[in-house]
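Below: one structure, written as structure tokens.
Letters A, B, C and D mark the chains in the order given here, with residues in each chain numbered from 1 onward.
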Amino acid sequence: MGDTVGKSANGTATNSNDHLIHSEDPLHPANHICTLCAKFYTLGWVTGTGGGTSIRHGEHIYIAPSGVQKELMRPTDMFVMDFNTKEYLRRPDVHKPSACTPLFLAAFTRGAGCCIHTHSQWAVLVTLLVERDFGRDACFEIEEIEQIKGIPKGKGKLGNLGYYDRLKIPIIENTAHEEDLTGSLEKAMEKHPDTFAVLVRRHGIYVWGDNVHKAKTQCESLDYIFQLAVEMKKLGLPWTT
Amino acid sequence: MGDTVGKSANGTATNSNDHLIHSEDPLHPANHICTLCAKFYTLGWVTGTGGGTSIRHGEHIYIAPSGVQKELMRPTDMFVMDFNTKEYLRRPDVHKPSACTPLFLAAFTRGAGCCIHTHSQWAVLVTLLVERDFGRDACFEIEEIEQIKGIPKGKGKLGNLGYYDRLKIPIIENTAHEEDLTGSLEKAMEKHPDTFAVLVRRHGIYVWGDNVHKAKTQCESLDYIFQLAVEMKKLGLPWTT
Amino acid sequence: MGDTVGKSANGTATNSNDHLIHSEDPLHPANHICTLCAKFYTLGWVTGTGGGTSIRHGEHIYIAPSGVQKELMRPTDMFVMDFNTKEYLRRPDVHKPSACTPLFLAAFTRGAGCCIHTHSQWAVLVTLLVERDFGRDACFEIEEIEQIKGIPKGKGKLGNLGYYDRLKIPIIENTAHEEDLTGSLEKAMEKHPDTFAVLVRRHGIYVWGDNVHKAKTQCESLDYIFQLAVEMKKLGLPWTT
Amino acid sequence: MGDTVGKSANGTATNSNDHLIHSEDPLHPANHICTLCAKFYTLGWVTGTGGGTSIRHGEHIYIAPSGVQKELMRPTDMFVMDFNTKEYLRRPDVHKPSACTPLFLAAFTRGAGCCIHTHSQWAVLVTLLVERDFGRDACFEIEEIEQIKGIPKGKGKLGNLGYYDRLKIPIIENTAHEEDLTGSLEKAMEKHPDTFAVLVRRHGIYVWGDNVHKAKTQCESLDYIFQLAVEMKKLGLPWTT
């Protein structure tokens, strides 16, 4: 590695290490995060610079920056962090790091390869409906919907949930500052060790998976289920039998 | 045919026969399934790797694999089965065959040229509304909607349903494993010999047609009708007069 | 004009006159109908081969055929009719002429340059809500919505409706065969000489305008208003003050 | 500047000054307004030629014309006004200036760099719900929704609203002519000096920001919040705690 990493006084890397974000491979994390975020924009998940996506690539964590239009991102917008030292290897001068970073790291620490954060309106509505109808401590629970089979049984367990399994997604309360969610997110992960997602009340959802394919598939499946659940409520149909 | 089909111990073909999936023609099944699935993704029919599509091409059955992102499929992802022997002529190593395969075959056995399986939320909601309002044995029924004219009268019958004909789509109960739907799907096909579609409760729909054009058109028309029917319920409007 | 028009025994032109549909100009009717229909497909107006579009170009009427996937149309799919003789100058062998043709001609006879027919679900729902809430003879009526200003005052009248004008769109009953709508469409046009659109109960809408730009703009404005009106009903908000 | 600005008798510039709208830079206002409006069309904000967008570029104001299909705009369609003299430097012969112009200028006078006007159905519905439930003088108010953090605290104030801040958007009554909104828009701006948006009853919204990025982000965030608020009403969920 011919590049030198210049460190500033506060320990963050300066804007060299551009080789980390240049690749011809569309599946390289620096490129992949851009195409994923553009797709997520059309799904309404990252409207108004909301939401974010992060990919672990060996010991490097690639993270979309804060406050950028997610459908217009380019590889040069990307932050790259060393997973072991938690120091930035690349840090674009014009951007702020994502406040989601400690939440993404919580997922990577538990073995995830990709973590997606959306502001999906269906996720937000589901957190409000659960609070009103089942109380503040309740999880979102639904059963006997085929798409549940898109969610894995749990870390280290083989295969996905079955049609007759009940899907349970924990919900944590929102905080004034996104990084302050980290503690309760980690607690929810510990209390619900099989979950690959945590809803955040009045905010959205964090979904992670072993790799990009799994995280995206699980995020899509959950969003499908949340939208269905909201429509079911409008029609007076119960979530569980 | 110069290619040799290598058979593995369990009778499945190895990954040769690539000539079956290479064509410059965008309407060749290996290409066509990819463009169809990409379109179906934007319609919300195959979210989270759900759903599937299969085309019969002479004695060859082309089938989208299980568990792939349907909007990103490539011809090389395709399974090809011999319709007579039910053996795979081509089987991509990296994928699992679709659990929908026996259901697609049930349609092809009855003369279909294409079969589409979606997880459309409108289809799922309609199965729930029918169960609640008309009972578990009821079909979805609607009448006097112009789009009904997009559905053929029945196999071997000339022309499509008329505006004053009642559209009836049978509904079967979901099972833990998709392949276990085959028996009840075939029973529904026998009990309702004129239908080109069967709804699966809490799951989605199977739609087939004489060819790709007809299967897609019928699937679109039905999905339009299901969405309309759900909106009608929200507004307190009855499905039949 | 070097082409010869071969006439068949029943008076229809054979498939020559291809020069009528070949043009480099994207705004030539044969090209324009294709791009318009592809856009209308994404708006949900022509799902399942439903709906249609026709443009008058001097004495030539260009008409999208029946039963084709509207988002995939090509100039070679187009029918061309002589406005004066009502004979086809070009008639693709593989397609059937649109059953909407006499309805399009009714609009062209009254001076329209373009006529659009959609199966929009919002239009269908509005016809059902008007029937239930205001009776079978009622028009759709709404007032004090800014988008009403997208609709012209009437043929031969200068300018568009104002914000305080009440928008009135007549509704005719659907018939078993689309061409049988012609009589009641013409009656509605005579009874409501200022209208540029007629709703068809449980079916959709016909919208026309002096040219493509106006017909499309009016069709979009009306569809916006119908969707808003349906949402207003769901929320218990009245259409008129 | 080699071009000469020919002035017509009534003080408007003739159609020279084309250099003002020719640039290779996709972020040049003449290009940027076109790509923005095409995106806004897909979001349902500028249906039927409704809505508009304007960018301040130094002392030049770029404005999308009235009555054009917003998804098809080209740089040559653009009006350019001198901010100081309020005279048109470029005025396309075939178009009418936007009736929104004085409203855009009201925003630019208060320091905005970009102003977006949409006819979003969610905005319109919110104005109707506020009137019915909270009275004609009420603002739209919502709290404890994460996306509120996408809206700045106010002109000259550092940073954005927090999660526990209440978002308040003033609503003005619609008028017969768009330009007549200017007075009440300016009054609302004075009464609510921190707002970056004003809703117009039964019409839509004006959103502005320091630059294009901020105006677009704020407009998206607000539209997300309005859609969520409408869905909350349908589900019986309150906007404030």
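What we mean here is this: a contact is a pair of C-beta atoms (placed from the backbone, for glycine too) under 8 Å apart; a residue touches a chain by one contact, two chains touch by 3 or more.
The chain list, named the UniProt way, goes like this: A, B, C, D = Methylthioribulose-1-phosphate dehydratase.
Predicted model only: the values in this text are computed from it and were never measured.
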Any chain touching chain A and chain C at once appears in the list B, D
Relative to chain D, the most remote chain by C-alpha centroid is chain B
Residue numbers at the chain C-chain D contact, same meaning over half shared and different meaning under half, come out as different
Per the C-alpha centroid definition, the whole-Å distance linking chain A and chain B comes out as 32
Within chain C, the set of residues that touch 2 or more other chains is 234
Touching pairs here come out as A-B, A-D, B-C, C-D
Contacts from chain A onto chain D in the complex sit at residues 44, 47-50, 67, 69, 119, 121, 124-125, 128-129, 132, 174-176, 200, 202-204, 230, 233-234
In the complex, chain D touches chain A at residues 144-147, 150, 162-164, 213, 216-218, 220-221, 223-224, 227-228, 231-232, 234-235, 237
